[in-house]
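Both complexes below contain chain A, partnered by chain B and then by chain C.
Right after this comes the complex of A and B.
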């Protein structure tokens, strides 16, 4: 097993085999659609099972990168180098889990151009998994940016009425941030002489340069995460994207930013990180409080959840920049948990949207009477989003707050208001949609979850509860890598400290 | 007593063969009279196919020449890896452009044998340009190319736009040639030589620190003349009109082969004889680069005609190539070569798509005519989308790697401002490339375009889109080739 290139198989071989198979499908539209769906479902499910082997074979005692593969292109300054560590491994699993769920959730919603739709999702999977696995910074950039192509098309082709505006906004916002990061990446290569990520972590850039590089990376990650005030593309993209597109956006794409902070900003630019931490705290707190209030005022369910994503991502950045073990673990856990919970919430909106073709909150009422199973699942994820103990959301938010409290109690206190506000808007949403009398005629005939939809939600419910009740295995995976990150961080800080003293 | 030496003709075998081929085909065309219209077309078909074969054979003849460096005709021409690299691409581009044009001319009643012959002669001019090692040879090659291009632009001679394009191109081109020649004469007057190597030797070391004013003025005139040929802002005015007016296959040809040859010539002149004067010309190139990128990006947003849009897009691309030239190092030259090679494939592919835009036996040129293309012609739309994403520089497509190397060179030379302006204008440019994708994929189907698109178009489209799509799997040949070519310019 040791020489088996498992990561390349997960990144390229399985999804792209699926793409090839789908391309070969011919025949009548109905049959093509069904076969394309099946092929996509099978390949992405196999890929998920394959990625489970990563966890089985993962060595939690070391912070080193595992399952490494290395290939050099002749004449190129970058190389194909992939591997996973405790920070990236769970994100890979999250991606491979959400892809088959997206395929399954699109059965009813997507009726036109099914073939192209499935191809787009499989290519997206390649890009996203590749992004988390890349150990070469140029390779990372290729995947990071490459995901824009399928996402742009998914929003633009299968989206809602304002899809074109949303697709362009999404693409151009992200691109502006990314190209600045590209300049920083090239500067790093020319300074350090390598594009290898572990080597860059050990390089130690000069403090003055660190600040510039850090800001360039911020430009990219802040847009992707998204942080206030560059979050405005997110509500548009979410509202207009088809359900599965929103799931991928919220579930995985938003994690790119969090992952980027932990992979690049913190370990590579420790001095700049300390210097800019107040900025991050400020932006995060504004994001948590402001977007929570905005969410409270929304009339559109998807928009509400989109704003809640911005608020939850605020927790992630607070945790990451608290620079404590709990904070970092909490940030990672919150990112994963948000990946599951917000994905589920978008799917929940998708369920009623498929039936009624409306996302307006006012279009619904008293759904519990016709859809008890739906109401139950909605409640579970609503509570997970609020952060009720026993759900995955609690573990993440709690750890973040513990970490933040050690770093700065004011930040922790202000961030904690987000928990209360989160409860407010989510409970308010739930009350308006699920409870009350069912008087609208249009809702009288609405059907409860179909077996297919239950199959979509079952793995997410299971995962959410397991993560909430027994988070140990997840935290264990992260532990060595997080500790190592913080240890290197302190060492690097100490090194610049002595340097500053030595040269007055 | 001096002996009359027989010049060594081996290194110019490809050029001689191309010239011979062009002349034989010309004679054949002139004397093989048919009289009827059908024989006209048959003649045209034969000569066009034969011309493609001549180009391919010339390409093969480059192989034996490429083994070593030569300086021939008393230092007039040089054959080094740089020349071989560019000639390979030029011949390839010409051959593909000719393949693409065959059907168009037949459909438009323009099946005249002169066109392939003119294209061969233009290619010959380009080969001389990239081999030029002397200001005189440079001018001769450039004019040979330009004069044939003027004729090609107005080839559709019953069409007002086409003749206007040719005339405009000729008048403005003549002004530029005049400037170039004037600059060359000034350089000669103040240095006493036209040979690149002698110039480089004279202008190195102490002389580079304090060059005479006359020489600088001459240099600037030469730069202006060359900037016109590569259509860099502010010498770009002819480009949109000529691109729009010329018959589409001619535009396709213009946008690749002559542009590549002119950029290569620009590189050789600037880093060769005037390499040590970089302080004098760098800021000028930087200005043109920024202006080209910005104008190419912003003005293209408002275009409705796709050929005009491609004209502004090509101006923008030249802006990026000029970043590499402004750097003026070996890495800079290499990045320009990589960029232009990838640009060539993208542009050939994009123009193949544009040539497929026919409706009721007529060409249509509005961007809105592409509406809903992804439904009626899925593969054509996919290919066009690949080219557009690639031109916008989105990884993992080839266009990204072109930009990557350009910006790498710029940052290595610490031109951070230029690099940042470059990446930001690339976002502006991304907007209008995305707009084409939007029209093809997001908009509803209007009137469908004609099908089928034809076998040779399918071949060109398939080939170029596969190259762009899978470039990242095996970029080594281009990277190492460009490296060797760039090194050749700096070895002397």
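Right after this comes the complex of A and C.
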């Protein structure tokens, strides 16, 4: 296995082969659509199976990067270097899992330009996996920004009525953030003389510079995550995006911010991290409380879930900046769990949207009478979303709060109010959509989940329950890398401390 | 055996849950599925009860305390949590009680729910609820306790909202879940604080270390506080939510929207007692914090009295019993508060029997009355449903604490312990407890008289239908009635009497300086007889007001109009919370959304930038007028500005 370039195969070879095959499909529209779907489903499924080998071959005892590939180009100042560690590996699997699910979920919903749609998703997969694997900061930047293009197209072409506004808002927000990050990357290259991520981690930037770099990265990550107050693109983007677009957006794209904090901000700028932690705490707490309340007032199902995502990502940042083992592991776990749960929730909205073409909560009621299986699946993910013990949502939230409480009890207490508020808006949503009398004529003939839809949800349900009841294997993957991150963090802080003492 | 007692109900729940998804082809097939679900869940529950009995003998009689480790759950740094079953006297008692009462309720449900279209779902919920409760009481760490804690909250939400087409049931279900979540919030913070102090959430580890930490302070919430006090108070907030103590009690009466067996299961035997169980389980922590114990006593005593006052004016038969439960839980808490944990648990166990009996008896009445719950429309039923009538008498006698029924023994020891504590709060609890005992007897007999005596007030159509419940409902009631009569007498020596030290062993810790339970056996005679005395007075009062002079209650309500309204509206807690929390939350949500996100962030941010860009472009376009002098003027202005800036900069 050691010489096999598994990461490149997952990033490029399989998805791009799929793209090529789809490009070659010719013929009648109907047949093209079916073949394009099949090719996309097969390639992305194969890619998922391939990525499972990453987990099989993963060595949990080391924090070093694994499955590394390093290609030096003649004359280029950056290199093609990829690898995964305990922080990124599971995100790769999350992406490769969600891609086939997205393809499968789009069968009914997408009828026009199916070919292009499938190509967009496969390219998106390349970009996303590449982003998580990149070990060169320029490479990282290319993937990080590159993913905007397919996502922009998916929203802009296959989206709802206000898709152009939403697509541009999404693009502008994320781009403004990214420009600052680019400046920071250039500065880092000029200061450290390398673009290699492990080398940059060890470089040790001066505290004054750290603050500026940290802020520049924040601009980008905060938009992606998203943090309050730069979250307003998210509800619009979600509402207009097709279901699968929302799934990718919530499931993977939002994790870019969390991943960025853990890969760059914390290890490279430890002093700035400590300096700015109060800022992050404040923004996160505001996000949790504010967006939970806003979610309560929503009349559109997708918007409600979009706002709930912002609140849940608030937990991730609190955990990451608590700088404790539990907080960091909790943040990673919460990010993964949110990837599964919010993806499922958007798919759940998609199920009724495909049937009724409305996302208005008031358009539904009493669905349990016609759709018991749907009601059960919705219930399970609602519970995961509110963090009920035994679901994946609980493990992440609880660990985050355990970690946060050790760092600052007020932060933990205020963040924990999100647990109450989260239950409020989710139960209220569930009651309005699922319970009650079924009196609307339009709903009387609505059908329960089809076998295809059950196939879409089954892996997500399984994953959500396993992660909730037996999270050990997942936490084990993260452990060495998280411990290592914290150890290096302390060392770097201590080094700055001695410098500060020595200088006057 | 140790595992089966806990996991059999889960197995039953899963099978019944799967059955509930089978769409029957015809009525015959549907009935067969219903039967299957009932057999499976009732069978699993009975087997679990048998297993629990074996384990009880093994653990309590043969002294084989043990912890069954099942699997690792969460392992993150020092934070290690397992799935495990901790078997000691306390959990064995609880498991036995829960499985027996729950099995009876399962069997009763077969009769009670036989008209319902979704029987498998109902049975699945009941069994699932029981499973979570069993996980709660056998937890060997705080996080598994929390798992059971939230799990019963979830299943109670499902059960209360079982009739989901009723808006009131849905509202009550959400209310129950959310009020409980508020309590759970406190509980969770308590767990975090425990971990901060002990670096562990494993019960045995923290109990062993508690003594050493008795003087430690913890820097949390901007101050240095006595560590164990902080932990105990936070955890107690959770107990208040689950056990419906004053402030967080509002969900319990509304929860009567669920089917009656649910009310019995949740309110009598299990969920609401989880808070009391938790305080008793954590006695090794609470013992080291006098402040926390004081708070527990005050909250318990206040609730005991407060809920009893409301119970006196309610007209819904189940709500009277619900407030009664609230009040009795108050007794259990103040018993724990004066370090008489075993007295609290004793009352918990006897209460489980007689309160389940009362609830199910009320269910039998409601069943007979074609789902009527308002006592004002009842009356004169005793001839028509004599068995239920007798059983309700037994339950009421036990509740009122009349010798020799169970309640007499447990309520007496609780009140004696409060008196013997000889502290300010102990005395407070004693007198409020006496007052509540009077009210308890009063509302119990008010219920009996309004329901069973006097002239029938229901219409003829309902009266024609009145019938005694089927055997499948009566038999469980008889089992519970036997418990309500004898458990107190039989268990007294073991729970709180001579044999109690060997019985409890290490399950409950009481520091030597807390002697209330010991002294309770040596209180003056009047303390021993006062509860019974006031109970008889309460009964006499109710007979007078509702039996002999039926015009009296109306007259009193008119004379004391203010007080009557105050009690009828349950001290206005719901209105207060609605104004304080519910409305502001929705209002803020809307404002944040429209003004915060819409006007401020988007208005100044993307939309504002876009709008400004457009405006600038328009202005710029307007500048290009085509007239030469405009351009010349602009150029000149530019030159002037540049030159003056240059000069100023030079000279500056």
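Simple rule for what comes next: the second predicted complex is superposed on the first by the 504 of 504 C-alpha atoms of A that agree within 3 Å, B and C clash if a C-alpha of one lies under 4 Å from a C-alpha of the other, contacts with A are read in each partner's own complex, and residues count from 1 in each chain.
The rule is short, and it goes like this: a contact is a pair of C-beta atoms (placed from the backbone, for glycine too) under 8 Å apart; a residue touches a chain by one contact, two chains touch by 3 or more.
Small disclaimer: the values here were computed from a predicted structure and weren't measured.
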Larger contact residue set on chain A - chain B or chain C: C
First (chain B), second (chain C), both or neither touched by A:172: both
Partner chain(s) touched by A:180 [first = chain B, second = chain C, both, neither]: first
First (chain B), second (chain C), both or neither touched by A:325: second
First (chain B), second (chain C), both or neither touched by A:149: first
Which superposed partner A:163 touches (first chain B, second chain C, both, neither): first
Chain B versus chain C as contact partner of A:75, first or second or both or neither: first
Those residues of chain A which chain B touches in one complex and chain C touches in the other: 172
Of chain C, residues touching chain A in the complex: 20-21, 71-79, 143, 146-147, 150-151, 154, 157, 161, 164-165, 167, 170, 173-174, 177-178, 181-182, 184-185, 188-189, 191-193, 195-196, 220-222, 585-586, 588-590, 592-593, 596-597, 601-602, 605-606, 609
Residue ranges of chain B touching chain A (in the complex, touch as defined): 374, 378, 389, 394-396, 400, 404, 407-408, 411-412, 416, 419-420, 423-424, 426-427, 430-431, 434, 437-438, 441-442, 472, 474-476, 479-480, 483
Footprint of chain B on chain A - complex, ascending: 73-77, 116, 138, 141-143, 145-146, 148-149, 152-153, 156-157, 163-164, 167-168, 171-172, 175-176, 179-180, 182-183, 186-187, 189-190
Contact set on chain A toward chain C in their complex: 169, 172-173, 229-230, 232-233, 235, 290, 293-298, 324-326, 329-330, 366, 368, 372-373, 376, 383, 388-390, 395, 398-399, 401-402, 405-406, 409-410, 412-413, 416-417, 419-421, 423-424, 427-428, 431, 434-437, 469-472, 475-476, 479, 483
